[in-house]
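Below: the structure, in structure tokens.
The letters A, B, C and D name the chains in turn, as written, and every chain counts its residues from 1.
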Amino acid sequence: MTETLAGTARRKSRRYSERDVLQLAAKAYSENPSFEVKPERTALLVIDMQDEFVKPHWTPFWVPAATRIVKRVKRLVDYCRRKNIPVIFTAFAETHSFLDRPRTGAFMPNRYKGKVPDDSSYFRDGRIWRELSPREGEVVIHKPSYGSFYDTPLESILKNLGRDTVIICGTLTNFCCGTTARQAYERGFKVIVGSDVTATDDPELQEAELKTLRKGFAMVAPSARIIKVLERNG
Amino acid sequence: MTETLAGTARRKSRRYSERDVLQLAAKAYSENPSFEVKPERTALLVIDMQDEFVKPHWTPFWVPAATRIVKRVKRLVDYCRRKNIPVIFTAFAETHSFLDRPRTGAFMPNRYKGKVPDDSSYFRDGRIWRELSPREGEVVIHKPSYGSFYDTPLESILKNLGRDTVIICGTLTNFCCGTTARQAYERGFKVIVGSDVTATDDPELQEAELKTLRKGFAMVAPSARIIKVLERNG
Amino acid sequence: MTETLAGTARRKSRRYSERDVLQLAAKAYSENPSFEVKPERTALLVIDMQDEFVKPHWTPFWVPAATRIVKRVKRLVDYCRRKNIPVIFTAFAETHSFLDRPRTGAFMPNRYKGKVPDDSSYFRDGRIWRELSPREGEVVIHKPSYGSFYDTPLESILKNLGRDTVIICGTLTNFCCGTTARQAYERGFKVIVGSDVTATDDPELQEAELKTLRKGFAMVAPSARIIKVLERNG
Amino acid sequence: MTETLAGTARRKSRRYSERDVLQLAAKAYSENPSFEVKPERTALLVIDMQDEFVKPHWTPFWVPAATRIVKRVKRLVDYCRRKNIPVIFTAFAETHSFLDRPRTGAFMPNRYKGKVPDDSSYFRDGRIWRELSPREGEVVIHKPSYGSFYDTPLESILKNLGRDTVIICGTLTNFCCGTTARQAYERGFKVIVGSDVTATDDPELQEAELKTLRKGFAMVAPSARIIKVLERNG
């Protein structure tokens, strides 16, 4: 390998060294995209803040860090409600007797198969944690997988609401939030991910996921900063 | 928080402690899903092993680790060709005068805007790196974004080829490979990601991405192990 | 035009005359595609046989011809149930407070706006007509538009059930049935449309729709013949 | 049946008779949706005006009526170009060695299998008929099936161009045009179909298709009227 690199370097003056490109990459991971955010074109997605993940001690799938962000998520939800920014909730729940779940989902290690007692009452009702209860008229999407857009009408709903920007909060950062962010990005949405209103089950992966999202998919910022941006442009 | 947890604990005997759930989660990150892999139902996806990422020193987007996996990717490609496992290549390239690119892509830090000289010859032709040149008749999909399934006919192609399993190799692990893995998972495919035949620009994010994929989306294994599994089931 | 045709004819011996091509086209409209139908790979879709369209006199959207096919649809449903061919029902109904309806739907003449008293109880509950009530465990998909695949998980459900063939019956032939047939065709399904178990509000359009479907999208046959084919291959 | 109807009628005063509903339906088939059309939000889709369908005598798939609308299509294309309304062309052509074609397409009667000499040069290059040649910079989408949206990035392109309205012209009315209209409708676009700038191989089916589209999917109008509407709102 080293020889090849050296050879290439000899033949060409205009060139990027390994150090050049790694520095560029490293720097980009610490930066944020910049795009204009218009509150009247924005919706808030509250991802999977449901009892299974948030209610303390209830299930083996409980994400303690998700319980810890509830207050901040609530503040963001309340802010959006006051500003007429639509709040849309999702939950991983029963849809069509589970017949629409991705085919290999049941094999995944995160199902804890054989490790915890089977409990078919989990991930069925998709009840949103009581401190974050949806209000009458707010959309709740029960979804069969991680991403909120696949096999659901979320994009149509956002179109009908005239929204081209989504703020993502909820859990788990590196599963449902991250997948939803990627899907929103590909569908042409401006995506904002709240760094302190998303939660996962491993602090290192929280950071890793946010780095990847920030470099290529989404603006990542703490919720106070998101509110400030919305406030300024409102 | 602690008080709430304690309160809940008092009221209920059957309960999961914070330590319980974090241990379960940590363990699951180190495990792999298990599902049957049939060579005659499998396709190999070689993601974005194109000059822009692989050719040493050519662009600021060069991923040195991608250059380093070429030999192993080649071995996997050759194995699949011998076994009549279809090999499908993708490249991030010009499609429809770039008019189909996700709307916010240009704002992302990974475009290095203002940091490197603009060069419109990049990501236009989608030339696969010469050591991995597609053979006559092998499908090459030029795609407008990270994921190989969105806005492309990849799923139709796999259906027509009778494949329900995809092996993913290429670059960048936490962008095009990871997004493609998530999309394949949601479309019901069995997904296998090669741990030593994927590459990115940050070793920690390589590991982080594989951990997330392994826990919830894909079987993650070194290429030698993937070949062994295919061989055994062939 | 005639001159141009004549000119072209002079220059080239191998050529198709206007009469040739129109005869070929006309003949193809009267033919059927042929493909193998395997009962164990087939599902029955019962499209929108809901009170709004079927229950006599209840709504201005009542389709009398739909009421007339109930018995034959029932026979087909019963046959499929006996043979363990999954029966999937759809209904045009409330989903997400109607926020996921196609944006221009409300403007369409088939909504009879201003012509009939507004009745918000229509197309909300999606109750399947009582003679065709779904059984416990049978999938019912509430959909926001004509096509049963768009913005719904129908394709995932069919994948999970291992089905590559769909039989379509229900109403209206040239709206929900026809759109669903086109969508199934494009997703690679073998499509069978029952000529005497579909119904619309205009006999000429019933025939016209079936002609178009038969030439390019689906096998079109009376229900007795569909049952015979399933029986033979069972 | 009659008895059931009578019975229902007796029980309830507010009711719709068979005559009522058929009259409502018949009337709706002759009407048009009304929605606002903004030229700066509109794109023109020229569907499959390619040599295979338009060039006189060349293939058995020639649609003489398509050749006859060329002048009017040209006028519409020229008008849109003058007004900076993007013109997007589609063609049914080779994409990925035909591996992405819907699985049952080859079985359809409209392929004329066994009736005409096989000619693999058809539907490969997707050459637009010379009188309608796309200009430099105009998008041409080669598609594997009837609908212009499925497995193509057409929706992303329209989003990027800021278009929420599409005008559809081209051929065949009841295959590629009609399917594209249905897909555009479901994706939330305002759809306008040109009645004298679409063509098919059977005059009755031309009318039947336009009736169905007009009642539930699209505004249908002659091209002179479409131009007048654009002019008025320009």
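Simple rule for what comes next: contacts are C-beta pairs under 8 Å (C-beta built on N, C-alpha and C of every residue); 3 or more make two chains touch, one makes a residue touch a chain.
Please read these numbers as outputs of a predicted model, since none were measured by experiment.
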Fill in: Neighbouring chains shared between chain A and chain B, ordered by label
C, D
Item to complete: Please decide if copies chain C and chain D contact each other with the same set of residue positions, more than half shared, or with different positions, and reply same or different.
Response: same
Worksheet, complete the sentence: Chain centres from averaged Cα atoms put chain A and chain C apart, in whole Å, by 37
Item to complete: Please report how many Å separate the Cα centroid of chain C from that of chain D, as a whole number.
Response: 19
Discussion item. If I count partner chains per residue in chain D, which residues reach a count of at least 2?
Written reply: 102-103, 151, 156, 159-160, 187-188
Practice prompt. Note which residues of chain C are touching chain B in the complex, please.
Written response: 156, 159-160, 187-188
Discussion item. Taking the touch rule as given, give the residues of chain C at its contact with chain D in the complex, in rising order.
Written reply: 1, 4-5, 8-9, 12, 15-18, 20-22, 24-29, 31-35, 56-64, 67-68, 102-105, 107-110, 112, 115-116, 145-147, 150-151, 164, 174-175, 178-179, 182, 185-191, 201-202, 204-205, 208-209, 211-212, 214-217
Worksheet item: Which positions of chain D touch chain B when the two form their complex?
Response: 95-97, 99-103, 137, 139, 141, 144, 151-153, 155-157, 159-161
